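Next up: some structures, all given as structure tokens.
In the two complexes that follow, chain A is the common piece, with chain B as its partner first and chain C second.
Up next is the complex of A and B:
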């Protein structure tokens, strides 16, 4: 019997699983409020805190760039890491598992769809907040910053793929786990302030999250005067290592999940 | 190769902390290609576990299972191209997608070319009377429409073997009939296709299946055509007794001499007992028990045996009855 090639199924699965995320961003109007307006208000609130403290303008830039990457982090945590858990409850996961596709392709589809949705949100935050508060960026650093941004997003979604299978092992605690991770990560990754302020040890721990180094490098490139945590080239290298490491770990974890799931019915089956 | 499904001494044990539950306890099954095969059994009998093993989602604890000639343990990747499963009460997919989009999405997980998938989806939507709902959001579908859509999801990829796990559960009469009709039509299109069906509804199994296996406590207690199984109760007199509600009576009725089997189901406030009597004379003993219970008789009918009667005789209780501890 001839079947479509594994590569063809892999690519088609990515496109198909990304599709619901993309169309949902158009069809679900409330998402415009929850995904764009509310985070924008949060970013603006932080800007007013800095303004009240008479902080230099580049601090406002820190907040805006933090807001941009925050959109992706929230998407990874809430719409990717916990997604398999919800899919299991709905019965989707067992259908994904018994199709001749791979769970990695399903996760990549989620990642592409989620990144698209987050991109629209982050562009809105960047444009509106920058125009509203007159924040300017160094044009010389824009192109390399864009490159680092792409690398950071890749590393972030690789981490999301790893978390998706890990969260599934935790079953009912997935929601609480995501909730518990939120605030410490806002703090450790330096969303609203340069991570150098945290010191080498805490900053080093925070650097396990790809956002931390990516954000620091982007700030150094487009907001002159930013105190560096570590030199940009080291940050880029670390992000590339994270991409490879998290991608590899997520594959190992998914393989383990697929094998364990056939032994332990509770992992992916809807009704057992 | 004429065998669609074969299992040998198939066993599955669920383990949790200090407890072991034997879901399947040595299932030997042979389903021929082109058959509509029913697996019947009360809740917890092991039907769903059997299906999950056959569709490669679960590993057996021991024994062997082959589907379309492939070992479900080792050749599962190849097998997944050839099978599909539709379960009753499914709420799968994404509510904001349109029906045709959701079906397309699932077809892509099998690598189907999009134009062919879309053509096939349109045909199937038409056949199941869902054409007008093609552009409707999945979240806006009634349960009957949703289940028809789920059946289409199972059919789009042209599986060689289709597994239906309680496909008409909670559907109204019309929607359940449409689902059964489509299964029959799909089978008629290609005689090599096979359907494995689990159901609670005896009438459905009787109407749809060429052969059935009755599973109880993880074992097959009987196998054959519905007519062969009914043969087992052919010599009994089947009497339906409708009584007003009251104290528990089933055990007392089962203890009456000449009562081969008995089951009860409550409907519209009336207890409907179904009794299998080895002779008409046993009826007088039954009436004495009823009289002493103080319950009032609302109706008595003698009728032809059904698959449900065969089931009650083999399993010792009706589908709807809870197992006695």
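Up next is the complex of A and C:
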């Protein structure tokens, strides 16, 4: 009997883990509703805040673009970072650990599937909010903005893989930690306002999250008049570095924490 | 008498259970820390948004106080509404204990009230910390010695009754769904938009503004600001006196509780008839 190569198993694991996410993105209608409406409602609330302040229309665009990336961040937190935590609770993690594949491949599958799901939700947020509030964007910068968007999402899901490995370490407080990674990150990443308003120090700390730089660059390209945090080329470079850095760190961290989790029996220790 | 004691014991047990579940049995300090980070960040998001638009123009403190007070007290709705309505679904799906609550001698309302009040500790801590931090950092015109506490407490008591009533009804409605994960947050998100918590409801389009004016939360927010800030408060209803706003809060709370009771009873009957109380929901 011929055994499949390691590469083949790796790729098939990615496809196998991405598949349920892609299928569930439309099959589970209740999730379609929550995953689309939650970022949309948050976006609409913030748009009304700017409207109450009589802000220029481009600020409404800031909020909408923030809402688009918010859908990805929520997916990274709830369906990447905490996923092993849920899997452990459901008894799947021990099965993953026993399977003749790597957790890295499973995480990559989750990332691909999750990115697809988030894309469908964020497109809905973009279209509905832009049409509802009459927001327009500069088409001249659309193509480079799309390129930066793809890079940002890659960096974001690499960070998600890193967080997923770290969450292997957390027990009861994992849920609270994930909860706490919402508004504080929306603040640090400037989801609803120009990143420059945060100042160099806070903005610099926030830049550790790929969304911060990606969002700022995209806004500069499609919403003329956006105050620049740092020049776009530096933001792109930083995001590329983040992709490599977070991917590497996630693998190192995953190996270390998986070993620790096996030693401490955390792979089967349920805390939900 | 013994029946009352049984209800009281049930209420105490439900409150404790609600706290333990919502904190997932983690350390209280860790839980409170995480619980405070969210509203504090939400407040600072709004502060930066406001500063971006208005700069340091004179008179900004009053509007900042409007935003901060709304966010601070929103914790009560976030925890009370989303926490309780999600809790009902979790009791069935994750902990598989809803059927035991139904079969216990404690009245279901009493159990849910206890479960809902458990969230209060986190909400109080969160609201207090946000207010204190924001008042100091942003120099908001909130003087603890001049706060109209009776008005604040009376308004908050009524609003909490309404929130828990709405959450109970919504939670029971969610039993109809196999997978209602995230719907509690969705419900509180909708209330956020129509409550006047972070912007005056006059900004909303006509139909939404009309719907919002039936919500007790709008009048609660108005009374919170008036009690905290006095004459410095930016008012959503400048033509109404404190008494008028309180009357509207009272009437809308009673209306909300009546509607919530009717929805709750209907959803409860439907859930029993369809056998949804102990339905396996593949949590």
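Criterion: the second predicted complex is superposed on the first by the 262 of 272 C-alpha atoms of A that agree within 3 Å, B and C clash if a C-alpha of one lies under 4 Å from a C-alpha of the other, contacts with A are read in each partner's own complex, and residues count from 1 in each chain.
Please note the rule applied: contacts are C-beta pairs under 8 Å (C-beta built on N, C-alpha and C of every residue); 3 or more make two chains touch, one makes a residue touch a chain.
This structure is a prediction, so every number in the text was calculated from the model and none was measured.
Peer 1: Once the shared chain is lined up, is A:265 touching chain B (first), chain C (second), both, or neither of them?
Peer 2: First partner only, chain B.
Peer 1: With the two complexes superposed on chain A, say which partner A:19 touches: chain B (first), chain C (second), both, or neither.
Peer 2: In the superposed model, A:19 contacts chain B only, not chain C.
Peer 1: Examine A:183 and indicate which partner it touches, taking first as chain B and second as chain C; both and neither are also allowed.
Peer 2: second
Peer 1: Thinking of the overlay built on chain A, is A:8 touched by chain B (first), by chain C (second), by both, or by neither?
Peer 2: A:8 sits against chain B, while chain C stays out of touch.
Peer 1: For A:46 in the superposed arrangement: first (chain B), second (chain C), both or neither?
Peer 2: It touches chain C, and chain B stays clear.
Peer 1: Is A:158 in contact with chain B, with chain C, with both, or with neither (first, second, both, neither)?
Peer 2: neither
Peer 1: Going by the contact rule set out at the top, does A:95 touch chain B (first), chain C (second), both, or neither?
Peer 2: first
Peer 1: Regarding the shared-chain residue A:28, is it in contact with chain B (first), chain C (second), both, or neither?
Peer 2: Both partners, chain B and chain C.
Peer 1: Tell me the contact category for A:192 with respect to chain B and chain C: first, second, both or neither.
Peer 2: second
Peer 1: Once the two structures are superposed, pull the chain A residues common to the chain B and chain C interfaces.
Peer 2: The answer is residues 28, 271-272 of chain A.
Peer 1: Which chain B residues qualify as touching chain A in the complex?
Peer 2: So the residues of chain B touching chain A come out as 14, 48-49, 52, 55-59, 77, 80-83, 85, 87, 90-94, 96-97, 101, 104-106, 108-112, 137.
Peer 1: Which residues of chain C touch chain A in the complex?
Peer 2: Answer in residue numbers: 23-27, 30-31, 33-35, 37-39, 41-42, 44-46, 48-54, 67, 94, 177-183, 185-186, 189-190, 192-193, 198-200, 203-204.
Peer 1: Could you list, by residue number, the parts of chain A that touch chain C in their complex?
Peer 2: Those in contact with chain C are residues 28, 30-31, 33-35, 37-38, 41-42, 44-46, 48-55, 59, 172-173, 175-177, 179-180, 182-184, 186-187, 191-194, 197-198, 271-272.
Peer 1: So in the complex, which bits of chain A are touching chain B?
Peer 2: 1, 3-5, 8-9, 12-13, 15-17, 19-20, 23-24, 27-28, 90-92, 94-101, 106, 261-263, 265, 268-272
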